[in-house]
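Chain nomenclature is as follows: A, B and C, assigned in order of appearance, with residue numbering initiated at 1 for each chain independently.
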Amino acid sequence: MILTVTHRTLYRYDAPVRGVVQSHRLTPAAFEGQRPRDWRVTVTGGVTGGGFRDGAGDWVQGYTVQGPVSEIEVLVEGVIETADTAGVLRGHREAVAPPVYLRKTAATRADNALRALAEKAQTGTQDPLDQAHRLMAAVADAIDYRPGQTDAGTSAAEALARGAGVCQDHAHAMIACARSLGLPARYVSGYLMAGEDEGPHEAAHAWAEIWIEGLSAWVGFDAANRCCPNAQYIRLGSGFDARDAAPIRGTARGTGEERLDVTVAIAAVQQ
Amino acid sequence: MYEDGQVRPPYARLEHWTRAMPAELRHLKQAEAEALFRRIGITFAVYGEGGDPDRLIPFDMFPRVFTQAEWLRLERGIKQRARALNAFLVDVYGRGEIVRAGRIPAHLVYRNAAYEKAVVGFVPPRGVYSHIVGVDLVRTGPDQFYVLEDNCRTPSGVSYMLENREIMMRMFPALFRENPILPVDRYPELLRRTLASVAPAKCDRDPTVAILTPGHYNSAYYEHSFLADMMGVELVEGQDLFVEGEFVWMRTTEGPRKVDVIYRRIDDAFLDPLCFRPDSALGVPGLMDVYRSGGVTIASAPGAGVADDKAIYTYVPEMVRFYLGEAPILENVPTWQCARADELKHVLENLHELVVKEVHGSGGYGMLVGPCSTKAQIAAFRAKIEANPGNYIAQPTLALSTCPTFVEEGIAPRHVDLRPYCLMGERVELVPGGLTRVALTEGSLVVNSSQGGGVKDTWVLAE
Amino acid sequence: MLSRTADNLYWIARYIERAETMARLLQVGERISLVPHVGGGGFRNEWDSLLQASGTADGFARKYGEAVQRNIESYVFFDHDNPSSIASCVAQARENARIVRTALTAQVWDALNTAFQELRQLERTERSELDILALAEWTTNKTAMIKGAIDTTLLRNDGWDFLHLGYNLERADNTARLMDVKYYVLLPQLDLVGTGYDNYQWITLLRALSVLRAFRWAYGGEVTARKIADFLILNGQCPRSLITCACSMVTHLDRLAEGYARPTGAQALARRIHADLAGMTPDTIFDEGLHEFLGRFVRDVAALARLVHEDYLSGDVR
């Protein structure tokens, strides 16, 4: 599949700020499931900073904008070729040892309810891949897709208690459960081209990856959609949790209040 | 000091000195020394206590003495250890051969809180993660030294090593004329050279070095400003630095000035709010991107802390064998990992004669000294260990050597440890000396300044 | 140098100068209280105008209400709630100095640190054992020692310039404000009135600036409003006159501009302020209106302080 992406993030400050520093994970890596053909990130007034491929295989690019400035647009435009690998991440070059992803973070700490959910999914099977699939179903059952119930700071435990959330909450819950079972797990941020008859999921998307020792590979699980990532998914980067995997991390120097506008459009190119 | 009832040779020369010093003169000198310290401003703020924020660390005028032969052996051992620790760091942020070879358990490394995912795959200039390795040693016999712990992040106290010497030279010049005491005052210049030698490849001129301090409220601020002054480099706070383009810049009255090497005295977690703790106001947003793309060197490198963890400590002799193919010159104190069931059992059965420490603790806090504790204290500590065994290690109480120390009644033996500072850059260097800390309370084994320990000048004799 | 270091140096000087001004106000206030009250409210009015001159009248009123001399003395000398009290100024100056220890000589640090340590001793002393005049004198002695140490031991580098900018900006501001509080007694028509009371007010003003003897030597004869205005604004011999401060600011900003090979807005403004003063006579000042002139000058100095901050101290210099 060939997908085009237009991802626009507009930062507006009610008072001009003295400068902005950002760290981007907006350039997809190449592996069996995806191959960028043409990819461009532009930042209005931005000076390109240091760029490097990090240990997890994601391209990280710094940007700085010198103030005073009251509006910054980060525009991602790209064309990428994708393939369905049944969620298995193959051919992705990375150096981080999987056990590193057993670390707990505030957003992914497992409370008793999450541990119980994980235990239930585990019963009856010794196969980690099987466990992960059951876990996905269990998380999808336990947390309804309902936007507006949670926010960026909601933890996995809170989302489960609420029984509702968005893809970030599903991913956090998956990760918390998997780690409690001793399976390394991580948060993936990316894009999803949703089909017409599918749910109203946003094109900026997130899911979980779980390390399956038997396959020697990371496998993606999207509990929000009860499936493994396929050719409709574009993978941008990973981390311990949503904050660690954020496509844009940034900070402004100044007192101006920040307002954010994000639009993402994904389309399949006719062939 | 004593050996078979005899004064050990290096101390023999000092016998005369102390005999010739009556109590009044000694008190006078002690007061003079304190006045000098206060005047210079070497003070130490104690965390979590009210009271005088400008407290002095007690200074004991009786020096600790090493012969050259003793020192040479120590020096070889410390350098060996520093090299192994750095080899370990490069390895575990790379392919992790030592883990693959099964010589260190994977979880101790990869699940360690000090292991930084953000620097995996990055090799700092010259392959050095820890540029200043402070090795804490105790002596238990004429030729027996044990390493208590390694400090790979930002070992403090070197300003005391230098100032203690300055003050001794000022107060007792005759001692220095009569004894061939090797100088330590090259340290700041060696440190500057070490830091300059690890400037990033992108630096195409004489590197600009700066010391990054958490600020003037920090207990070690004096040391930060002292080192900056002695090295002739700027002492900066996070707010003085900013990232633009591919580099880090210093805010000066003449405009931005590029910084090539940052000797940071703040913890990893505070370095860059974009990468680590988002609420940190001490760091520099974007610093890690510049670092990882080779625009600046951070010393010690973020992630270096995984090597000086108390659980990793057990494996340092293994590192020496694995990376250097040598036999370790310095010994580790036998250590029981409470994380292991069999060792935990031993620890719990013998708490009254062990020292138990938190794996990530420092400053002498959160530890149990069995022989000096009450039954109630031991019971309380036992509960803490049982609740979270992985958080504790235990060691035997060693027959620590003592050093003559001035006390109210005259001279008495007190327990001491030693922290030399090994520099790693283009070369591995060690000045002949270190910081001797002394437990001023009779029988006490805790030398930390935060718990009433004092300091001494440390001599290495040239012959 | 680091912008923050320059900022610390600049504020050391501003706080020391402010402490000195406060000490002089205490001396004057004490003296006023020793003469019989004239008219309604006498010394209360005087204290009030002194508090106003130092910009601390509101803070005092909030904390104490009525102006009672003992309270005023406490407020001006010891009160850490008053950011301009002598205790606050000395503590702030010393803290700024501690941060930039390495940019100072041992002598400057010693002078500052000793003042701070002695102050802590004074704070522990029973208030009834302390004489306010002795405290004021202690302050002026300490500030003189600090300045002496700065002038005799410090390297004449950019740090020295920032210290002097701090001193002169603060001093220019203080002199102008002090005059402004008293501007109405300097109106020329009062020359004709020549009452003993007004004359006393003028003398108080000169005393507050510690220039009474200097004034007598420089001018002699009758004390007139014109002479006082000339002395405090336009006479380059007077150490606290506006033109002396302006001249010094030009000198130090010129040195910085030359040293950094970069002219700045601050330098241009300082030159304009100085040129303005140089082109004036007491008559042109009184024609403009003394109050109006002083208001304009205080605003100019504030603008200059802002430019110094932007051009050197903020760290946003490109």
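Please note the rule applied: contacts are C-beta pairs under 8 Å (C-beta built on N, C-alpha and C of every residue); 3 or more make two chains touch, one makes a residue touch a chain.
Molecules present, by chain and UniProt name: A = Transglutaminase.
Given the structure is predicted, the values throughout are model-derived calculations rather than measurements.
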item: Central chain of the complex, centres being mean CA coordinates; value: B
item: Longest centre-to-centre distance from chain C, chain (CA-based); value: A
item: Pair sharing more residue contacts (C-beta pairs) when B-C is set against A-B; value: A-B
item: Intercentroid distance (Cα basis), chain C paired with chain A (Transglutaminase), Å; value: 60
item: Distance between the centres, which are taken as Cα means, of chain C and chain B, whole angstrom; value: 48
item: Rounded Å distance, chain A (Transglutaminase) centre to chain B centre (Cα mean); value: 40
item: Where chain C touches two or more other chains, by residue; value: 316
item: Residues on chain B engaged by chain A (Transglutaminase) in the complex (per definition of touch); value: 93-96, 99, 106-107, 110-111, 113, 115, 117-122, 242-246, 273-275, 278, 285-286, 288-295
item: For the chain C and chain B complex, residues of the former touching the latter; value: 1-4, 6, 95, 98-99, 101-102, 109-110, 113, 158, 162, 256, 260, 262, 312-318
item: Residues on chain B engaged by chain C in the complex (per definition of touch); value: 39, 41, 216, 225, 228-229, 234-237, 239-240, 250-256
item: Touching residues (chain side chain A (Transglutaminase), partner chain B) in the complex; value: 19, 21-23, 47-56, 60-62, 64, 66, 95-97, 99-100, 102-103, 240, 243, 249-251, 253
